[in-house]
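Shared chain: chain A. Partners: chain B in the first complex, chain C in the second.
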Partner chain A sequence: MSAVEHFREAYQSLAPSLAGAELPWLKERREAALDALASVGFPGRRNEDWKYTSVRWLGSDFAPTVAGHDPGDSIFVPRLETRFDRLVFVDGVFSPPHSRVRAPGITVRPLHKVLAEVEDRLDGSPQLTGAFAKLNTALMDDGAYVEVPSGTAVEFPIELVFVGTGRGKAANVRNLIRVGDGGQATFFERYVGLPGKHFTNAITELSVGEGARVELVRLQKEALGAYHVGQVAVRQAANSVATVRSISVGAELARIEVRVELEGEGAKSDLTGLSLGRRKQHHDQHVAVWHRVGNCESVQTFKSVLDDSARGVFTGMIGIASGADGTDASQSGNNLLLSDDASVQTRPWLEIHADDVKAAHGATVGKLDEDALFYLRQRGLSEKRARSILTYAFANAVLEGANAELAGRLEAVIWEWLGSGEWK
Partner chain B sequence: MTTPLLELKNVHASVAGTPILKGVNLVVNPGEVHAIMGPNGAGKSTLSKLITGHPDYELTEGQILYKGEDIAEMEPDERARAGIFMSFQYPVEIPGVSTSFFLKAAVNASRRERGEPELDAMDFLKVARTKMKQVGMPGDLLHRAVNEGFSGGEKKKNEIFQMAMLEPTLAVLDETDSGLDVDALRTISEGVNAMRNDERGMVVITHYQRLLDHIVPDFTHILAGGKIVKSGGADLAKQVEASGYEGLA
Partner chain C sequence: MSSQPDVSSRPSSGQAEVDEILDQHDEYKYGFVTDMEQDVLPPGLDESVIRFISAKKDEPEWLLEWRLKAFAAWQKMEEPNWQFVTYADIDYQAISYFAAPKKKLESIDEVDPEILETFEKLGIPLHERAALAGVAVDAVFDSVSVATTFKDKLHDLGIIFCSISEAVREHPELVRQYLGTVVPVTDNYFAALNSAVFTDGSFVYIPKGVKCPMELSTYFRINAANTGQFERTLIIADESSYVSYLEGCTAPVRKENQLHAAVVELVAHTDAKIKYSTVQNWYPGDKDGNGGIYNFVTKRGVCEGDRSHISWTQVETGSAVTWKYPSCVLKGENSVGEFYSVALTNNHQQADTGTKMVHLGKGTTSTIVSKGISAGKGQQTYRGLVSIGPKAHNARNHTQCDSLLLGKECGAHTFPYVDVRNASAVLEHEASTSKISEDQLFYAMQRGLSEEDAVSMIVNGFCKEVFKELPMEFAVEARKLLEVSLEGAVG
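This part shows the complex of A and B:
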C-alpha cells in the first residue's frame, strides 16, 4: 500500500473520532486535502523542493493518533523542567496533567477545544500547499491555539511541548498562533521523544499583527529513530518583527520548513537555523521568504554542523514580488563538516521581480580551523575539548539575540550535542 | 647540577618535507632568559612550533628534552599542561568564544593536571582582574571573543595576560614585539619581566634588538640557516643592531 492510500484508509476509519468531526466545513476541508494529496502524491526526487530529501521512509507503518483512541497518559513522560506556561502533547494528543497556563490576558488552549471558532484561520497561510500540509489538514487532531490580544506583552516564553513516544505513531500537529497589533510574545516550541520510531508532521501557523514583536524558538530534539517534518508558516503585517530560530538536533530524518510572507511595509523577518547531525542523520532546512510589499527586511542565517556520515541540506529562497521596492534581503548558509563522510547541499534560490532591491547571499562549507585548534591546545585544552569549543563557537551564532530566558537552555542543547559537561 | 629546563640536542626539523632546522643545540636552565635572534627564514618560528608540538613541524633528528624528559611524542596540549607556553606571533581570533570562558577552561585544565582545585567563576575573575592590570589589558577584553577585533597591541597583551594566568615553567615568546608601538612594547615587557623568577625559563624569539632593551636576556643566540651560529650575552644583541646579521653569519 502506498503512503497516500495508507493515510486515506486511516482517515476513513478515524474520521468520526477526529477533532471537530461534527463541523461540516472541516470535514469538507479534510476530504479536499486528501483528494489534493492523492492527486499530487508525496514528493519524489524530481520535485525540485525535495531534490535532496527522500520520503521513501514514509511507507504505511505509521498510525495516525487521535485523542481518546490513544491513551497517551499511560505512557510515562518525564516531568518537564520548566517554569513557563506550557501546553504538552503526547504523540500529538493534549496532555492536561503536564500542562499549565497562568499568564493573564492571553488565550492558550489545545486546538481541539476551539476548532469551531477557527474556520477562517485554519489553513489561513498561503504557504501551506505541499503534500505534508495536505496530510496534516486531513488528519490533524490537536495542537496549540494561542491568541495574544493587541497591545499585550507576554512576559515569559510560552512553551509548546510535543513528546513522541516512539511507538510507531504519526502525530499530525497543528498550531495556530496569533499575536495582535503591537503585541509581544516569545514561543518555545519543542519536539522531544522517547526512543523508538514515530513520525511527527507538525505545522505552526503564526500570524503577526502590525508592529508586533514575536520570537518563535523551535527545537527539534526527537529521538534518533524519529521522522520529523515541520513547517512554520508566518504572515507578517506592517512594521512587525518576527524572529524564527530553528534548532534541529534529533531524528533520523528531519525536514524543517520556514516560510514567511511579508505582507505589510516595514516588516522585518529574522530567521536563523542550526542543524546538528551525526551518524546517518539527514537534516533538511528549507527556508522561503516572500517580500510581497516594499521596504521590508529579511535576514536568513543558517548553519549546520555535520559529523560521521550525516547529511545536510539547506535551501534558502528569497522571493521579491513585483513592486516590492526598497526590499533588503540577505541570506547566509554556513556549514561545518567534522568528518570526511559528512556532506551538505546548500542552495540559494532567488526570485526577484522588482528592481530597486538589495538581495545578498553567501554560502560556505568548511572544517575546523587548524590554527585555532592548535592555539587552544597550546593553552592546555585537549584536542577533543578544543574541537568542542570551536564547534560551539561556530554554532552558537544561532543564539545571538535570543530571549534571555531561553538562551541558556539552547546553549545547553549545543553543549550536550557536543558530548561535553560544559553547560553544567 | 640542576636538570636543564629545556635541552635541544642536534635538533633537525622539517615542515612539509623541507628541512628548516639543521642541528640546533640549546640549553635553558631554570631562571634563565635566552634570546634567539636571526634574519627572516632562519628557522626561529620553526623552533617555537617544534618546542610546543605543532603537528605540521616534524623532528627528523636529535632530541628535545623538557626537565630531562624527551617530549617528542607528547601532544601539544600535554606539553602545555606540563608548563610549556608559547606567546603566538599571530594570535588566532576565535569568534564566538569569550576570552574569560576560554581562559578559565585553560587555567583549570592545567590546575587539574597539577592536582590543584579548579577555580570557580568568582575566583577566576578575581585573579584575572589583577593580572590584566599587570599587563595593561583593558578589562572589557575579558568578555569579548578571543582576540576578535583586538588591535595588534591588544592581541599581544592578551598573550602575555594568558601567560600570567597560566604561570608556565617554560615560556616561548615568538616575535612578541612585532606590530607593537613603543608604549605597548614597554607595558608588555614589564609584564614579562614581572614573571621572571628563579624557576621559570624563557626563550625570547625576535628579529629586532629593541625588545631586548626591555627584556634583557641572560644569553643571546643567533640563528641562521637552521643553526645557532653564535652565542653570547646581552651585548651580542647590540652587535647585531650595529652590524646586522650578515656580519655575524
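This part shows the complex of A and C:
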C-alpha cells in the first residue's frame, strides 16, 4: 500500500475521533487536503525541493495518533526540568500532567480545545502547500495554541515539548502562535523522544504583529530511530523582528523547513540553523524568505557539522518580489566535514525581481583548519579537545544573540554532541 | 603567439574590393553549396527522416544505428520544465530536419540596413561584413586565401580541422571512438534530439604534443557557413596538446530556425588544454518579445587525463531564450576546469545558464566566474552544480556569481547546487546582486561622460574578469557588443 493510500485509510477510520470532528468546515478542509495529497503524492527525487531527501521510509508503517484512541499514559515520560511555562505532547497528544501555564495575560492552550475559533487562522500561512502540509491538515489532532495580546511582553520563554515514544506512531502536530502588535515573546519548541521508530510531522504557524519581537528556538533532538518532518511558517507585519533558530541533532532523518513571508515594511528576519550529524543521520534544512514589500531586512546563517557517514542538506532561498525596493538580504551556509564519508549538498539560492536591493550569499564547505589545530595542540590541548573547541566555535555562531535563558541550554546541546564535556 | 590569425588585423579591403569579390561569385555557383540545395525534407520527424539524413551524408551503418538509438530514447523522454524560462511550445513535427542552406544574398546592398549599422558600431572590418551578413561567405574567404593557407599549415602539423561529416568519412575511427562519450545520447531531451538528427558541425583533433599555432574558428571553415540548427561539435586534444577554439562571432546573426539544439563535446587527454570561447549574438526577438531564437545547447568537456585543462568562456548577448550549462568532468588527477561567463538579457530576453563542475579525480580544481546583466524585462538565471566525488581528495572550487540589475522590471536569479562527498574538499561560493549606484553614475558623469558611456564603462568593469579570458580581438569586440546590446536600457 502506498503511503498516500495508507493515510487515506487511516483518515477514514479515525475521522469521527479526530479533534474538531463536529466542525463541518474542518471536515471539508481535511478532505480537500487528502484529495490534494492524492493528486500530488509525496515528493520523489524529481521534485526539485526534495532532490536530496528521500521519503521512501514513509511507507505504511506509521499509525496516526488521535487523543481519543491513544491516551499515551501507559508509557513513562521522564519529567522534563523547566522553569518555563510549557505544554507537553506525547506522540502528538496533549499531556496535562506534564504541562503548566502560569504567565498572566496570555493564552496558552492545546489546539484541540480552541479549534472552533480558528477557522480563519488554521492553514492561514501561504507557505503551506507541500504534501506534508496537506497530510498534516488531514490528520492533525493537536498542538499548541498561543495568543500573546498586543502590547504584552512575556518574560520567560514558553516551552512547547513534543515527545515521541518510538512506538511506530505518526504524530501530526499543528501549532498556532500569534503575537499581537508590539508584543514580545520567546518560544522554545523542542522535539525529544524515546528510543524506537516514529514519525513526527509538525507545523508551526507563527504570525508576528506590527512592531512585535519574537524569538522561536526549534530544537529537534528526537531519538535516532525517528523520522522528523517539520515546518515553520512565519508571517511578519511591518517593523516586526522575528528570529527563528532551527537546531537539528536527533532523528534518523530530519527535514526542517523555515519559510518566512515579510509582509510589512521595516520588518526584520533573522534565521539561523545548525545541523549536527553523526552515524548515518540525514539532516535537511530548508529555508526560504520572501520579501513581498520593500525596506525589509533578512539574514540567514546556517551551519552544519557532519561526522561518520552523516549527510547534510541545506537549501536557502532569498526571494525578492517586484517592487520590494530597499531590501537588504544576506545568506551564508557553512559546512564542516569531520569525516571522509560525510557528505553535504548545499543550494544557496536567490530569486530577485527588483533592482534597488542588496542581496548576497556565500557558501563554504571545508574541514577544520590545520593551522588552528596546530596552534591549540601547541598549547598543550589534546587532539580531541582541540577539535572539539574548534568545532564548537564553528557551530556556536548560530546562537549569537539568543535569549539568555535558552542560550545555555543550546550550548549544552552542542557540547553534549561533541561528547567532550563543557570547556572550562 | 604572433602566428595566430587575427580577425581584426587582416588587411581591410575597401568597398570596391568587396564588390569585385562578389562579382566573382559566379565561379562558385556550382560548388558544393549548390549541390545540397536540391534536397529539402518536408517538416516532420520519424525514423525515415533519420535514415534519409544518414543516407544523404553517406554515413556508415554504425552511425545510423547510433542515431536511431538516440531517436528511440528521445521518443521516450519528456521535455524538461524545471528551468527558469518560459517559451511557446515547440512543435517538433513542424520542423524540417533537412533543409537546404539559406539562399545567399547577391550583394551587400541586400542586407538589412539595421544589421549594417550594427556592423559599423562593432567595428567589423568591411570585407567581413558581407560574409557575416550571409553574402556568399566562401567567395570572400577564398579570395583572401586565409582559409586555404591555414588549412595547409594545420595539415602539416597533423591537426584535423574539418566538418563532422567530413570527419565521419575521412577519420571514422576517431569519430566512432569519441562521439557520444562525453554527452551520451540519452543525456537529456535536446541532446538526444541532436544525436538523432544532427546535420553538421566541427571536428577537431590535435595530435600528441602539438600546440595548435592559431585560434581555430568555424569562421575559417568554409562550409560551416550554415551549420544548421542541430550542430554537433567534437574536439579532441591528445596528450600534451593545446587548442583554442572560437565559436560564433560578435556580429548579429539572423538564424532562420527558431530552435537551436547543439551539442559540443570536448576531450582533453593527459597534460592537454582546450580553451573554448563562445560569443553568441543571435536574434533576440523584437522589443516586445516576439520571435527570437531558442538556444538550447548541451556543452560538456571531459578532462580525461592527469593535469588536463578545459576552459569555457562565453559571452551570451543574443537569443530570446538561452538555456545552457557548459560543463567539465574532471576525471584526471590534478585536472582543471574553468568557466567564465557574461550573459546579458535585455527587453524580453531570458537566460538560464551556468556550469557543472564534476570533480572525480584527486587534486582537481575548478573556477567559476559568472556575470549576469539584466535590463529591460530580461530574466537572468545562474544555475550551476559543483560536485565533489568521494575519491576527489583535496579538490578545490571557487565560485563567484555576480548580477547587475538595470531597471525595475528585470530579474536576476541564482540557483547554485553544491554536492560534496569528500571531507578534504575546500569550496567557496560567493554571489552578489547590485545595481549601478547613483554615486557611481554621478562620479563618472561629473568627469564628462554621458550617462550611456558611464553605464557602459561600469558594465565593462563589471565584466572585466571574464573579458580578460577571451582572445584579445574577441575581447575588444565583446566590449563593443555589450554597449550595442544595452542600447535603450539606460535613461
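As a convention for this text, the second predicted complex is superposed on the first by the 422 of 424 C-alpha atoms of A that agree within 3 Å, B and C clash if a C-alpha of one lies under 4 Å from a C-alpha of the other, contacts with A are read in each partner's own complex, and residues count from 1 in each chain.
Operating definition for what follows: a contact is a pair of C-beta atoms (placed from the backbone, for glycine too) under 8 Å apart; a residue touches a chain by one contact, two chains touch by 3 or more.
Nothing here was measured: the structure is a model prediction, and the numbers come from that model.
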Side-by-side fit of chain B and chain C on chain A, or clash: fit
According to the stated criteria, A:V365 is in contact with first (chain B), second (chain C), both, or neither; which is it? second
Is A:L350 contacted by the first partner chain B, the second partner chain C, both or neither? second
Identify the partner contact of A:Q378: answer first if only chain B is touched, second if only chain C is, both if each is, neither if none is. first
Contacts of A:L390 with chain B and chain C, given as first, second, both or neither: first
Anyone got the angle at chain A's C-alpha centre between chain B and chain C, nearest 10 degrees? 80
Please work out whether A:G59 is in contact with chain B alone, chain C alone, both, or neither, and reply first, second, both or neither. neither
Quick check on the superposed pair: does A:L338 touch chain B, chain C, both, or neither? Answer first, second, both or neither. second
When both complexes are superposed, which of chain B and chain C contacts more residues belonging to chain A? C
Give, as a whole number of angstrom, the minimum Cα separation of chain B and chain C in the superposed three-chain arrangement. 16
Chain A positions within both the chain B interface and the chain C interface are none
What residues of chain B sit close enough to touch chain A in their complex? 52, 54-55, 75-77, 80-81, 85-86, 88, 91-92, 94-97, 102-103, 105-106, 109-110, 113, 145, 162, 166
Quick one: in the complex, what on chain A touches chain B? 369, 371-372, 374-383, 385-386, 389-390, 392-394, 396-397
Per the touch rule, the chain A residues reaching chain C in their complex are 48, 52, 322-323, 335, 337-367
Using the touch definition from the top, list the residues of chain C that touch chain A in their complex. 82, 388, 390, 403, 405-435
